[in-house]
Structure formats: C-alpha cells, structure tokens
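Reading through the structure tokens given below for one structure.
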Amino acid sequence: MAKDSYQEQELLEIKSGKAVHIYNWHCGEYLSKFFIGLRDKKTIMGIKCTSCGRVYVPPREICGPCFKKMDEWVDLGTEGTIYAFTVVKLPYIDPNTGEPIKVPRTDIYVKFEGADTRLTHWLDETDENKINVGAKVRAVFKERRRGTIHDIEYFTQI
Amino acid sequence: MDNETWFEITEKDGLLIHQGVINVPYTWAAGKVASKFYTGLKDKQILGLHCTKCDIVFVPPKKVCHHCFSELTNWVPVSNIGTLQTYTVIHYSEPDIHPFNKPFAYGIIKLDGASTSMVHIIADTDLENLTEGMRLQAVFKEKPEGNYLDIKYFTPVAEANHG
Amino acid sequence: MGIRTAIVGVGQTHHTSKRRDVNGQELINEAVRQALLDAELTIKDIDAFVIGNMDHFEAINYVDCWGVDGLGSYMKPVIKVTTGGSTGGTLGTCGYQHVSSGLFEVVMAIGWEKNSESDTQAAISTCANPIFERDFFGGAIGPNAAQYSMYMKEFGATQEDAALVAVRDHNNALNNPFAHVRKFMTVEDVMKSPMLCYPIKLLDSCPRSDGACAVIYASESKAEKIRKSPAWVHASAVSHDCTYFGDYDWEGQPTLNAAVERVYKRAGITNPLREIDVMELYLPFSTCGVVWMDHMHFCERGEAPKLIRKGIFNMDGEVPINPSGGVLSTNPIGATALIRIGEAALQIMGRADARQVSNVKTAMATAFGSCYWYEATILRSTKP
Amino acid sequence: MDKAAIIGVGQTKYDREKNKDFPELVYEAVRNALDDAGMELNDIDNVVTTSNDFFDGRTIACMGVADAAGSYGKDATNVEGDGTFSAVYGLMRTIGGTYNTTLITAHCKMSEVNPRKLFNQAFDPIYERMLGIDDVGSAGLQARAYMKRFGITDRQVAMIAVKNRNNGSNNPLVPATSYVSVEEVLNSPPLASPIKSLEASSFADGACAIILANQNKANKWAKKPIWVKGVGHCTDTYRLGERDLTYSNALAQAAKKAYQMAGINEPIRDLDVVEITENFSHQELMWYEALGFCRLGDGGKLIEAGSTEMSGELPVNPSGGALSANPVQVTGLARIAEAVLQLRGEAGRHQVSNVKTALAHGTHGICGQSQCVWILSNQEN
C-alpha cells in the first residue's frame, strides 16, 4: 500500500479524560512555620541570612549566595508595595481543577519593606487603569485560616 | 474573590502537609499510523506494519523500524488470534487507571502473522488456568471509540475454534 | 582541555500550531531525519542521544525511553535533560559536553514539543512552587510587562520600540520556510493588535507551536570529515540563581548578566557588538528585545532603544538578531532554544538560505526559561 | 577517557516518609557531601541536579532545589532520570574542559505520590497507557517470562529478597527491618504474579549527592579519591511486546562498554563488590546474567551457591539495595555512593573486606529499558 492511502483516512485523537494526580506536598520546616504564622497570628514572616543580611520571603532553609542555613525570623508586617502585576484575562485551565480559571484575575508581586525578595499573590482590583506599580497594598486575611498561602485572601490597595 | 481550591491540610509533628493535584487534560494526536490501526479495529481487523527489510511485522504498528530505521508503509492484516507469551495477575487496585477490578490479568500476546506482541488484558476466563502458549482471541468493543480499548480484552479461544 | 567540538548538522520540522498527522515520536523522527540528511550521515553514525522537552505539556514520563523509535536510538545511550523554556540550550550544552569529554564522537541533541496536546498555560503554571506560588503565576507576561512599563518611564522608551523588535523578528520569519507564524507586519499592525497585558500586545508575544529540532555535534576528528566548514563550539554558559519567581530581580537581571558575562569570558569576547556577526536570541516578548539588550554589553543602560531605532539589529544592520524570525514566530517550547543554536550554526556554515547573513564568523545563541534561567552559546567558523 | 574521581559523597537517611521538603533534603545531602570532601561550595565549579516533574509534582522541578543544590552563581543543569545518568553527565562536564569539579544531586519523595499512576504515565498514551499498566504489572510479565524460559524457581527469586532485605539491616541509612526468611517472602501477599510484596522494592524518601573532580583537582582534595574506571549506558526498545523481556541486552551493552574502559575481563573475579538497582527481586538475577557474573539463565544457580551473599565471592548489594530503600531517581546515585564507601573501607557494618574495584548500577524506565553501569576503583592506576 502506498503512503497515499492515508489521505482519505480520519486522523484520530486520544483523550486523557480527567487526568488527576494527587500529591501530598510536605511543607518542610520553614514553609510550615510560615503557614502556621499566617494561620495562628496573621503574621507574614521572612527569614534573614545573618551572613549577607538578605531577607527572604517565602522563608527557606538556605541562603543561595552564602549557602548557609538561616534561622533568624523576621516579621514583615502585612503591608507592602506592588512590584509587578498582571491582569490575567485568558481563562487557562486551572491545574487544581481541570476547569478554566475565573477571569479577570490580578496576580501581583508584593515587595515588603523588610524583604529582598517578593511574595506572589492576588490583588482585589482587576481594572488595570486603577493599579499602580509601587502602590501600597495590605494583606486581607480570611476568617477561617488553615495554614496555607490562601489564609491571605488577597491584597488590597491602601 | 474566591479562587482558592480547597485541599486537605494535615499537621504532623508540628509541620504541615498540603494535599494538591495536577489536573490537566490532554489530547494526543494519534498520527496517521495509529489512526489507521484504530480505523481497522472498527472493522474488527487488526493491522500491522511490515518492515520488508528486516521481515518484522509490527503489531501494534509503528512508523519506523527500530532495527533498520526504515519508514514503514507496508500494511498487513494479522489474525485476531494469537499465542500468550507471558502474563501476570494483578492483585492490587488502582481504580483511576485500571479498566477492570482486581484480580485481573495482563498478557503479552503474539498474534498469528505478527512478529511483535501486544500487551493487553486477559478476561472472561478463570485466571487460575492461564498458561504460556495458550491461544487467545481478541474481543472487540461493541461501539468502538478509536483507541486501544476497542479491543476490550483477550480471552481463550473457544474449543470449537481450535484448529 | 576537552576535545574540540563542532556542530555538523541541523534538522527541524516545519512548525505549526497543531500536527495531527504525527504523534510525538513521529514528530521527533522528522527532525532526526532532517539532521542526518543535512550532515549526510546515517543513524548508525550517531553514538549517543540527548533529548528534552517539558513533561507536563504532553504528560509522558521518561521521554528518553518513550522516544527510542523516533530517535532511532535503539541500543544506544540516551539521556534526558530538561530545564523548562531553556531546555534547548541545556540540550545543546549536553550534546557538546558528550563530545568534549571524549566519551562520544558523534552525538545528536533533540528538543521537541507538541504544545497542542494540552493547555500550555495550565502546564506552565505548574512550574511555580505548588504550595506557594502556583495559584498566582499567570505566566511570565506580567513581570515582563511591568518591567517594560518601568523601562519606558525611566529611559523614555516607547511601545513602538518594542513593536520595532516584533516587526523585525516577524518579518525575518518570511525568509524562513520552517517558521510557524509567517506574516508580513508593520509597527502599526503590532500597535493595533489586542492588548494582552499593558504594554504587551498580541503581536509582541510568542505563539505556541508543535515542532522538533535536532542538532548533531561531532569531535574534531569526525567533524572535519563530515563537513568542510562546521560550526565550532567555543563556549557555553548558564546561570540559574532562583528558587521562587518572587526571588528574581527584574531591574538588575542578574542571571542574564551572569550568563552572558561568563560566555563572553570563556569565548574571549570583549566587544560583542563588534565581534559577534549574528545572534539568535530567545526573546519571548518583543519588550525583552529592548530591555535585555542593555544587559548584553551592547550599550549603556537605557540606550537599547537608540540601537533598535538605528536598525543595527536588522538583517541589513551591524549585528542581525534572529534572521530566523526567533521565538516570536516559532515556539515549540522544548525545541525553541535548540532552534536558536541550530540557526546560529547554519549561519556559521553558510547554509541558512534566504535568511543567511553574509560573512558570519561568530554567532551567539541564547536560551531563557524556568525561574529566569539564561543560557548562552558562542559558535565560530574557526576552531577554538 | 581522562581521569576523574569521586571525592565526596553525601546521603540522607532513606525513610518511608521524611519531615522535610525537597530543598531541605537536597541541602542535607549536599552538605554531607561537601563535609565528606572537606570542601566548601566555592570549590565546586558546576552542578547537575536530578529531578522528575511527575514525581516532584511540578513542571521544571529542578527550580525548587536550585539554591539548596548550590546552583547560585554557577553553571547548573538538570537531568531527568536515574541519578547514575546524571552522574554520567556530571562526569562529562568534569573532564570536558570547562570545569574541574562537579556536584551531582538527586532527590525523591515517594511518600508524596501515587507511584503506580506515575509509572503508568511512562506508557504510550496512543497505545498501552489505557490498560492502566504500571511498573509492577510489567515487572510481573517480565518475571514470568524470565523464570519460564530458564526454569528459575520461586525460591531462587525469593532468596534475593532475603539477601538484600537482611543486608539492609546492617545499613543505618535504610529503614530498619527484622529478619525475613524465604518462607516469609514466598508467603507474602501476591502483588502481580509471580511477584510477591516482599519481592518489590521499598519506596522511600531521600536525597544523595556526589562530587566528581578531574585529575587536576582529585588528588588535591580527596584523602581517598575513588577513581572512575569505566561507564556505559544504553537504552533498549520501548514497547514491552517488542523487547526480549528475559534478557537485558541494554545492560549487557552498557556493561560491555564500562568493562572495556576499565579493563575488566572476568567480572566475577575482577570485581570485589557490586551495588545494583533491583526494583524487583527477579531483576537482580537477570542483571547478574547481563553483567556477565554467570552464564545466561544461571542467575538462580548463582544465588543458590551463595556467590553474591556478603560472605560470597562477589557480594551484591551489601547496602540492601532497592529492596531495602528505593527513592526513585536517587537509587542509582545511592548505589554509587555506597560503592564509594566500600572502596574507602567506610561502609561500617556492611563493609566487604579487601575492596579494590566496585560496580555500581542504575536503571531507568519500565522493566529496565535504560541501563547505566559504573566501574570504580580506589587505585589511581
């Protein structure tokens, strides 16, 4: 049979259907402490490298440049500024649900005064004309907190 | 704003474990070769690709012979009946992915006229009686969907069919 | 020092939004055959393979094992490398190191992706830390957009400057028969295209593609037998300093600085604008084609728009960037950065057909991906 | 090949479930390796991590361990597969002219995932994946085919599980177990016939790191450099129905190359200790044959003769192997680390005496599709 015999043929696709993989991600010592801080005290904690002075949020065990273990915790407060933002308009598939995300949604990078890295979260404003890089924002906490990054419901411009 | 997906959180030894998922659906192009194979199954015909250089009939078919790197174009029909090479009986369940309840069997079956073998499920028989070398036949799905399970499973050839 | 290594063959598929006629293995096979054809080799001549893509785009675990039929790697050594968008650069370096180590003589690196098989953005969003950043990661467009807003404010750059980059890359693609998006466009077209994330518009952004690319690396003793004028690898470098997306310093671009500084140093380049003849840069947004230029030692900070307006990166300029049309016109993610290396090699070998820049002696290719992971490669027509 | 040596190894303990996240695990292994080598991170030129996006549950999983693996300010790269393959790439980078020293890491937390669903993702979505088949089911097909062809008995296969699990009780890095007998193995619940529960590997969490140096640096740093004498890796065909499941030709080819480089003619005599990756006990017998420790089909006889016991001619898996702890991706790198400890005489209660040459082996893919062999020695020349 010649190659041409393919031409008339229907090209098929194979579908995965709902393909869900469940993971039980251990938060480890540092992220656990951070999340428990959010849950129990509504505090946003960073961690400081005593060697170079950098403060990291989210907190982690190791300062990359110094390769030293860190253990000095810093309360960053609940207010920062917008470092960058995106108003997401494309309803891409949410890998948590397999369904499209709700749009518009504003993703922001929050810079805290006392931290050298930035926290990613949502902003409650989706009109990009009303969002300013450098604007002050405050974390709004949920009533019912469980020890996740979503214990902060969103950030809001002050 | 309520965009949070609620997953289980457990606390153990003062530390947290977050449950979560990756839930992304996929659509894979079968390509011309596999499409033709599945189109054949709709007519209860199992097709292989013959490497004329190496004289190997690949079932399921593939576009390139892994021995000589030739692109294969010589389609040949093979039998729905073949010989069991090896098998295993599965004693655990994985409900999200297993198409049958435990215990069930996987087998590697070389169809008459094929040089390579198909991995498939063996069902509708007493699993205690499976033996290597036994003759099995494909059981086709009533309403084919254009995928590997259009052959529902393999089952021992009925006595009357023994040649 | 290691064994001198050269690129002797490049192959790629045509790139398009969806290849229904081939599955992944068959797509890879097309690129493999093209590369063999280009180098006038057979599959038997290949001693080892390196393959790469991003797992969650196609949901295939152990792609190196799955890919054997497409690669033609039966009973041969295969290794898989992956670093996200920069995978192609990682593949190129891995192919090069296979040979420079002296362990193998002729090695093929293959990058591929079938982005049509899943929701690309969904799969990409899973690259953020799942319990900390994933839900807030709508892709790289936000930070790039914010970065360009700041850049415009600080240096008086305009949206039109970015549009010039988009027009340059897109129109270069008209000369490349393999490119995915091949459409003539003007600055006006770019400016009028839908706003995705201010100030980045649709035509400032890369597409998603199905495609594959294969590049063959050979040792000095083999390379000169295979091809009279191969593309010699002089240096490669990579920088990856971040764990979280929030870690990255968008103003300073430290990993871009580090990768290019390292690669220039290793290749002995002190004045890149004068010493490099052509570049294939991984620019996922046209705005990167403005801002990043300041970090590549082409000019002082803030001067990139001037160079762009002068047209020095155009096909007829001093240092053409992306004669192939770049990432803005073609983006099968796992292959994208390897295409940069392949295209740079074609330029050195004088085999780039309608997109050939004349008299290329030194070429640079870059890769960008994951948590701001930058890679860079320098190729030359002369031996290291 | 230019000379290179392993100058540091570091492992975490391998546990069923670790109270650490990926970067914390990786840092522990890297710190141990640096301390073992007497080095600081500044002494390392480049880094190769090992990750798998399915097992780690994120795309570009290597990002998560970048800082912990010491990638900051260095050239870093990432291999997906077993750690032995990452180490091969690390070796290339060590002798390729650009770098002098390479740190190689691997990490895995099997406690966080459903392994069978992830192994199922290794099957072709166009064809067999829909069967729901995984690593265990396919190993069952392989075990029966192999045993049938060569008349291998259930008892012989069970003896591997007994040997390795009991060896593991001397290795402080693997989960503690009590003594198991052949009868207990044979009577353990069936998994995928003929494979029984105690004949399958024990999934674990953990990380491992090794440091390679080229000749310039090896003698400078290490008190006892362990020299790389040979490496080989090879990949068989993909589909189970096309592969000879009764003999690993890929392993034979990988071994042939490594043996040639190392000048090994008669493996069972020339090698002093072996650390292999046996994901299922029957595979250890198959690997004996492909590695040339005995003739084709004689794997069962070799274990019956006690040749690969701790007291035998060629002890295999004094550490307890994958049957004692299998942190997938890490497992092969841990075999290299164990071989290094043996060659230095630092393996403690599972030390084999008079070790000069060791073999470490890793495998990747379903039913050992891809294989990697390392020959190491404590003698430079």
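When the chains are written out, they are named A, B, C and D in that same order, and each has its own residue count from 1.
Here, a contact is a pair of C-beta atoms (placed from the backbone, for glycine too) under 8 Å apart; a residue touches a chain by one contact, two chains touch by 3 or more.
This structure is a prediction, so every number in the text was calculated from the model and none was measured.
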Reference chain C; chain at largest CA-centroid distance: B
Interface with more contacting C-beta pairs, comparing C-D to A-C: C-D
Centroid spacing, where centroids are CA-atom means, of chain C and chain D in whole angstrom: 34
Approximate Å spacing (C-alpha centroids) for the pair chain A, chain C: 28
Separation of chain A from chain D, taking each centre as the mean of its C-alpha atoms, in whole Å: 36
Inter-centroid spacing, chain B versus chain A (mean Cα positions, whole Å): 40
Where chain A touches two or more other chains at once, by residue number: 6, 11, 13-14, 16, 19, 21-29, 31, 60, 64-65, 93-96, 105, 122, 148, 150
Residue numbers of chain C (touch at least two other chains): 20-21, 23, 56, 58-59, 68-69, 74, 119, 122-123, 126, 128-131, 134-135, 241-243
Junction residues of chain B, two or more chains touched: 3-5, 15, 18, 20, 22, 24-32, 34, 66, 96, 147
Interface residues, chain A side, partner chain C - complex: 6, 11, 13, 16, 19, 23, 25, 27, 31, 56-58, 60, 64-65, 83-90, 92-96, 105, 107-109, 117-122, 128, 133, 148-150
In the complex, chain B residues that touch chain D: 12-13, 15, 20, 22, 26, 28, 30-31, 34, 58, 60, 66, 85-92, 94, 96-99, 106-108, 110, 116-121, 132, 147-149
Chain B residues touching chain C - in the complex, by the definition given at the top: 3-5, 18, 20, 22, 24-34, 62-64, 66-67, 69
Interfacial residue positions of chain B with respect to chain A in the complex: 1, 3-5, 7, 9, 11, 14-32, 34-36, 38-39, 73-75, 96, 146-147
Chain A residues touching chain B - in the complex, by the definition given at the top: 1-3, 5-6, 9-29, 31-32, 35-36, 93-98, 101-102, 105, 122, 124, 146-148, 150, 153-154
